[in-house]
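Below, each structure is written out as structure tokens.
Same chain, two partners: subunit A is paired with subunit B first, then with subunit C.
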Partner chain A sequence: MEQFVSNFGLLLEFPVVNLKIVLDGIMIGALFALAAYGLALVWGVMNVKNLAQGDFVIGGGYICWWLTQMGVPALIGVPVAFILMAGIGWIIYILMIRPILDRDLFTTLLATFGLAIIMAQLLNLLFGSDTQSVDLGYDTLYFLDGFIDVPIAKLLGVLMAGALALGVILFMKFSRMGQAIRATAQDARAARVLGINTDKVYAFTWSLNAAICGAAGAIIVMVWVIQPFYGITHSVRAFVIVTAAGLGNLPGVIAAGLGIGVLEQYGAHIFGIGYQQAIAVILLLLVLIYRLSQQRRVRQSLR
Partner chain B sequence: MRANLSVLSLVAGATMLLPGAASAACESITLGAAISLTGKYATNGIHTQNGYEFAIQKIKDAGGVKVDGKCYNFDVIYYDDESKGDRAATLAERLINQDKVQYMLGPYSSGMTKAIAPVTEKYKIPMIEAEGASRSLFNKGYKYLFAVLSTSEQYLASAIALAAEKAIASGKDPSSVKVAVAVENDPFSLDIRAGVLEDAKRFGMKAVIDEKLPRDLADMSAILTKVKLLKPDVLLVSGHSKGAATAVRQIDEQNVKVSMIGITHCEAADVTGKFGAAANDILCPTQWAETLTYEDPIFGTAENFNSEVKAKYDAYANRPIPYQLAQASAAIYVFKDAFERAGSLDKEAVRDAIAATDLKTFYGNVKFSEAGNNIAKPMVLRQIQDGKYNVVAPSDFASHQVNWPRG
Partner chain C sequence: MSKKFYLYSALIAFIIVAPFAFPDFKTQLATVWLMIIVALTWDMTGGQMGYNSLGNITFYGTGMYVAAVVAIALVYDVGEYNNAFGGGIYVFTNQQYFLGLILGTVAAGLFCSLIAVVIGFITFGLRGPYFAIGTLGVAIAAGELVSNWDWVGGGQGIALPVFPGDYDVGKVMFYFLFAGTGVILFVFAKWLYSTRFGAAINAIRDDEEKAEAMGIHTLQYKLAAWAIAAFFVGVAGAISAFQLIHFEPLETAYQTINLGIFMVVCVLLGGAGTLWGPVVGAILFHVFKEVTWNYLLGWQWVALGALIVVTVVYFQGGVVGWVMDKYPQWFGLSRVAEDVSEDEQS
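Showing the complex of A and B:
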């Protein structure tokens, strides 16, 4: 308890810490937001809650890491991970997701849970259980007496994440496929009636999600470290963010992603870093409680 | 597994026959070992097995084990525990009940040793282990468990002594030293933390940061921000390979200046290979290093041990020999010494002889406490200096001066 108070005191004593925490949180949250957006897509369009979301992220990370081992510049790894994961995602869709699309919630949950285990073990077999990371070798920018540090690699990562998010937004708004995806999300049967090939839309959505995750993973390996069994942490955050923001609400997902990043950093600062992840889960709980109470009110008024 | 086993027993049978042909006088003493040859501990399990085998061969070449005027050679029955504790315990039962093994060698890791120790204890089978460092192994009152390695609370404790030394040298009181500790929430790392805090308390030092790292999602920027605010003189981190990788990366990124930084598992995380100059001047604890000045009549100097192992096993040609291998060899050597002093193959006599061990080996001195851990060998601290691991503490064994303050 004493430690919490003194930690809290530090925030007031050194206001600059707040700026640092917010910046760190935003840089981390931007990467969470990407995977969360992919989850919102498959959840909203296909009604599949993908428990292997984080493992797609780690898969992309390993693609990028492996390329750098082959001597390819790490930045090339981001588009390559995007494309390769799209292909892998498409194969997974054909083999695994399409046959169970019409089944109930538990079938898809179990199937994607199995997929998560298989992916993590495959990565473990292929690349070993060591922690890996790619060092871009860029400098770090320092502000305010060196107290605020912004590694150029992280900055670059956030910019790439932003560019990718923007690309996806524009694609969804203006391309034919994007329109078809949105139509299918609104009403799949109506979309089919109007001549949209929803099977193609589903396959595309699933691959797009895998691709977004792959690119996010490639960025993560450059600014953080990855390990075959880290997928679950990214999955948990993606679920928290999507639950908090709601489906089909891209600005909401981005805001929730950044918000969770910042809140986690504050939580880690005040309660200790061991509780960093607990913050995300507690937040999920609060959001769910709030949503439920809201729904009950709506239902009561309808009665 | 079954196929493996029959191959192993064939090999064992063959090795039993061979010395009989060469030097008819030597009989064999059978040791049992359940060891991780597959699964998550396989890499280190194989290092351990190589260490056992290397030592057995060396002892054979040097004329075997002399017990009461007769000559013996060691011979080990290995089983694969698949890196699973319950399997390890079952295999220990099998070694003792079916194979009638009277003496055991340890498995790899504290966890596996914890699984086997109750079994060997139940049957009163003396076990010398070389790979279980957790001190929770040595507070259960085990009478038949002996470990040649230093327990885990000592891993970073010597860094505290070093910090005190430096404080005195720069004219300050050791109690003015501020310590920051960040360890993962697992038994091994918590042991390390306990050791550090105990030692810090002895010097009257204050722990300004004392935090647990999460098991996954490697991010410790919140701790490092606090480090920048509170300016400790010593920062100690233990979180296995990923903790080491994250710490080195983020300490560099956030430009954290602390005069002394100690991190476990530097070698395993290959921080010099991954982050280059960012890893410089970081202190890393190790059980053993080939540059130490220990020696014994069988293996010669530590350096000699190092070069002979490299010559025998191609796998270590281009990398440092892991200390896991060296300590496994040391365990065999302790058995040899105990058998010779016991002058009998009776397991109780051997157990008492092991308990009375006071031996100088290439791996360090071995002398067991009442609880069975080795109290004669200090942990060694190496500092990464220009990408090389150089021994800097304790000062009796140091080959290089410590670079202090860091950065």
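Showing the complex of A and C:
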């Protein structure tokens, strides 16, 4: 307890530490936002709540890590992870998502949880349970007498995440498929009547989600660490972000993603790194309770 | 004396004889009973009430810790005991052991009911998948917090005293503790589902808004059902704590992705919303698990995940649901009366 207080005191004593924490949080939060955007996509379009979201991220990370072990430059790993995860996502869609699309929501939740177990365990069998990361070998920039350090790798990661997000947003806005996805999200039946092949749209949406997650994971392995069983924490984070922001609220997803990144960094600073998973989960509970209290207000006004 | 009477008598006889007839499998049989207990309690809220909790494991872990703390606190200072981590200086007499076992188990059940009401008060406003995720969050958070709490042993967990007496006698005793709890739970659930209470929670599952409009105080029913489920899970956790002797927070007590999901899979495998489904599912699941653990070493978890996916995706009704669909006359049902199939079977 005293340790928590002294850690907290440190923040007040040296305001510059806050700046470092916020910067770190934003850099890692951008990647959380990316995975959360994918979740919001499948949630909004297909009404599937994907608990394997984090495992897609970790899967992409391992693809990138494995490529670097083979001698391929790490930056090439990002597009490769994007494409490979799209393929894997498409197979998963055919095998297990299509049969459960019309079922109740708990079914999809549990099925994707089973998928999460399979993916985490397969990664564990293939790559072992050690934490892995890829060192890009870039320098670190120092500001304010070395109080603030910004590794160029992290900066690059944020830029790539931003570029990917921009690409996806433009795709959703202007391409034919993006329009079809948005139409299906609004009203699947009407979309079908108007000649949109919704099955294809669903398959594409699911693959796109897996691909986004895969690319995000490939960036995460460069700026952070991955481990086969870290997936569930990433899934929880994605859920926190989407529940906090609401579906189809892109600025909200980005803001919530950066916010949870910053909050987690603060939590890790004050309580220690051991509480990291607990913090993500407690944030989820807080968001759910907040949403609940909002609903209660709506119900009261209806009475 | 009806046919049913003989059937149930034979079952009871089998339950009593089983540990002596298969002496090598005493612990396995006890685990089967544990699975049956958690599956039946999960079905109480999941299958019968439509609230699919992924966090019932919270009560299992909490039951373990409450029982252990009570049993230790009767004799020693808990913080010191856990610091020593079961070192040799702490001795429990027979009387202290059994008093701790009984009081700890009862306290675990009651405490779990209490926290079920508290957690339920917050989470029962959540519907459908939000409830599942919310309760999963509670379970993960509880495990993380307990594992950082030094007074109860932190990440190392707690080491309890060993059963005083013959090792084999201990195994038989734990089998009968689990079996007794399981039988009581089964009879209780059978009775409960035939009462107004059972009808009310089924109504909540089928349409909560309409149930509320019909004058059912849904929150009270939901809290009561969850508290009952939590009581039995807590008791099962307490017995497990004494059976396992040593347990630690994340892998044993709050084992979110092990037992926490197994219980759901058991129910779905057997057939949700039926009385026998969880029992059949728990037995089948345990057999599957043991076979894969023994013969597919390394791949057992993948096989388990595959079982979950296949059950959920391709085999939704479960075994009992499938039999019911195939031979409705066995359950006193006619083939057309689909809407009564859940409530009328006995």
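Keep this in mind: the second predicted complex is superposed on the first by the 301 of 303 C-alpha atoms of A that agree within 3 Å, B and C clash if a C-alpha of one lies under 4 Å from a C-alpha of the other, contacts with A are read in each partner's own complex, and residues count from 1 in each chain.
One rule holds in what follows: a residue touches a chain if its C-beta (ideal position, glycine included) is under 8 Å from a C-beta of that chain, and two chains touch if they have at least 3 such contacts.
All figures in this text were calculated on a predicted structure; none of them were measured in a lab.
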| said: Touch test for A:131: subunit B only (first), subunit C only (second), both, or neither? | reply: first
| Does subunit B (first) or subunit C (second) touch A:115, or do both, or does neither? | second
| query | For A:105, is the partner it touches subunit B (first), subunit C (second), both, or none of the two (neither)? | reply | second
| task | Tell me which partner A:28 touches in the superposition: subunit B (first), subunit C (second), both or neither. | result | first
| query | Regarding the shared-chain residue A:277, is it in contact with subunit B (first), subunit C (second), both, or neither? | reply | both
| said: Contact-wise, after the overlay, does A:292 reach subunit B, subunit C, both or neither (first, second, both, neither)? | reply: second
| query | Which residues form the common part of the subunit A surface touched by subunit B and by subunit C? | reply | 232, 274, 277
| remark: Per the touch rule, the subunit C residues reaching subunit A in their complex are 52, 54, 122-123, 125-126, 128-130, 132-134, 137-138, 140-141, 144-145, 148, 257, 261, 264, 268, 298-299, 301-302, 304-309, 312-314, 316
| remark: The answer for subunit B against subunit A in the complex is residues 40, 182, 185, 210-214, 216-223, 225-226, 228-230, 241-242, 245-246, 249, 252-255, 268-270, 274-276
| request: Show which residues of subunit A lie in contact with subunit B when the two form their complex. | output: 3, 7, 10, 14, 17, 20-21, 24, 28, 129-131, 133, 135, 140, 142, 146-147, 149, 151, 154, 224-225, 227, 229-230, 232-233, 265, 268-269, 272-274, 276-277
| task | Within their complex, state which residues of subunit A touch subunit C. | result | 49, 96, 99-100, 103-111, 113-118, 121-122, 124-125, 232, 236, 239, 243, 274-275, 277-278, 281-282, 284-285, 288-289, 292, 295-296
